[in-house]
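Note that the chains are named A, B, C and D in the order they appear, and that numbering of residues resets to 1 at the start of each chain.
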């Protein structure tokens, strides 16, 4: 699957096929500094995920891309205390270039889909309770599958391509026993919902990506707010998938 | 609209019409320090908004006034990491005197209404989930529009002009596709509800102002508490718009 | 009322009547240090109240007693940023011995009741949303008034004199337009409920006291947990006033 | 009971019977450092418990094991401000080797069960509101007692031996007037539910253990998330004990 992607023709995949001969033996000072900063950024974002409650119990994950390399958090460790030297570096095929602590995140194949299919600059995986609840409480039938649909809340405008008057759909894929088994259905969801920068995993959490780490973080905060709002509104009998700008409780 | 305001006769607009010839070429040391402090204050308040969850995903905003100048946070950036030099300075017509980072907050026309119509010393725009939920869950018909009405909770006394035995109304205006499009209906709401220091925007958030930044912050905390309380009480079948001091669940 | 207390015969009032001739002109170094520490403690506790969300919008308050003097936070200021020199010192009749910033807390007459009637070493006033909600959602008729009754939760054991198998009653008094107007009904509640270290004020918050500031803080955390738990359980149809140790949802 | 354990034949009790002659008079520098680090770790974890809201009002507790010694927090003190020298050291029979502040945690007999019966390297006792609510709201009949059953949520995979497609049961024991009275029923629950690393105490909280402090902390975060999720889902009419990976609200 991943191999296919690299020779794929998806217009949204600007970096596909350029992953070769990109690792010179000698690095400039600027490259050394840039790598150190990327490692520190991964640690900082992982701490932030933990603080927000999105990475409790070693869950969650984060990765960013610099040119032909991706920086990825290690797997199965407390995300709030990762050190820069524990971060993995891999190429765009997921081949580890520089080993970190233990194993590379099990989310790596999923992160790669965001890099290849959507030209992402950073991707995060959140175990936010809001995302988990929304995937169960607010799931709506859509074709063969399910979506989380939201409409009429200002925060939709914070999403790339979001408009307050239009319904915005986030696909919900089934959960699987192992994280890497999600890769194929996540790929299909990304292709089927090209407007969404997020894919929910039922009873599990969400994958969210953006142009770079700043954009990814802000997208993630908007999505999480919408998950929380939609679940809370449902406690009051309000369906946030059909809200308009101007009508309140009842139209 | 804004031009009209400056020549307006509203008694609550002490600063209208005094916005000229106010920018001498040479600044005293005290002026330099005062400007630096104002810039730092804007950054500090924006961090606070973010910490409270009122500015997630680059949302929210803050502005304060010093004499004939207003200091405004930039637009579309993470509010928790603004630096002093990124803050905009504008005059009371919204003309930028000193550019900050990127674009000036899209809330600026709305902030100016609070300065002109209500003599505010500071204004904030919060995307608090409590405000968003309250605007949908607790909206009550009032004339042609809607209000959030609250009564009988101590925190009403924390609002300027609030009394625990009287209903306190906060207008709710419809949301719009673009922030600046809210300016006219916000103006009308401010004129129609001269007692309220806040205007809710449906499914969006709230604008809150006060005499200065300390007062604005404390007003905002009181309003947010009341939004949260009202929504929570409704989950228990209690309507917080008709509470009295002495009767419990049922009168 | 307060004057009466000082000559009262309540056995729980160890300090009544000893408030005279207690302010020598010359203070020892130890006294200077002790006063500074008490001032700092008040500030620290007020910051803690704010962090817990119990003192938003200049609400809440805190006082502690050292011998014949009480230290009291100022009124109507943000509680998270009080400085030691802004703290008031008063005697046990409430007479200010050393002025702080602005006015002394409007809670002072209520704090004095806890000192005199209950021999408290510290008292706090919290605007916790949990306390406010519990006073409305969980109020039960009791004689002419109302109580918050809790039973069967471990945290009851954290309350002075609390037992997990016995109902524990916290009186709820009506709110009043001005804080000092609460003094008489708070006094009556303290006398009528000698086991409780707390008095709830309907739609307002709670007064909590203890032997010293450590005890007061821990009592307050236990009470607040019980308020939160009781409100949450009611959302699930569980009445926390009749819980037993061994029966679950249904007996 | 504890004496029995030490000569017991439970295969999961790797350390039973090795608790003698283990306290040499002279300690090496490494031992001194190791002891200091263990004391600091206990304090750090207790602060973390408090921050998470799991140890309010002097509640909660934490212990870790180093060889034949266990380090235990003191009883009845604010857990967020314990100092290293206040931590107790005891042997595996619970005999205090080095006294700390006041009394050793009343949880000590319960901690010892986790060390002896389950080979734990660390144990914590949380008063988390989520655990308390889950023990009441989500209790299911199971034989003579009750369990909290969870299924189909990703976070189950974070539990030792957890599988997303299988129900995972956590025993719920009745609460008792005194903490040490829980020891026997906790022992029985540990023996009856060898897969669970946690025992809930009804209306009280939860005991959770793991291989070491890192594992214990991560297990505790997973359990707490599941308690919170299950209670929240029930507010929406969703029973989290029968969730599947692929079916949403209704199967």
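Some observations on this one:
Quick note on the criterion: a contact is a pair of C-beta atoms (placed from the backbone, for glycine too) under 8 Å apart; a residue touches a chain by one contact, two chains touch by 3 or more.
Being a predicted model, the structure only gives us computed values, none of them experimental.
Relative to the C-alpha centre of subunit B, the farthest chain centre belongs to D. Although subunit C and subunit D share one sequence, what matters here is the overlap of their interface residues, and that overlap falls short of half of the numbers used.
When subunit A is fitted to subunit D on its Cα atoms, the angle of the rotation, on a 0 to 180 scale and to the nearest 5, is 90 degrees. Annotation: 33 Å between the Cα-based centres of subunit B and subunit C. The distance from the centre of subunit A to the centre of subunit C, each centre being the mean of the chain's C-alpha atoms, comes to 47 Å. For subunit D, residues touching at least two other chains, in rising order: 235. Each chain pair that touches appears in this list: A-B, A-D, B-C, C-D.
Residue ranges of subunit D in contact with subunit C, taken from their complex: 56-59, 78, 127, 129, 132-133, 135-137, 139, 146, 172, 174-177, 201-205, 231, 234-235. Those residues of subunit D that touch subunit A in the shared complex are 152-155, 157-158, 163-165, 214, 217-222, 224-225, 228-229, 232-233, 235-236, 238, 243, 245-246, 248-249.
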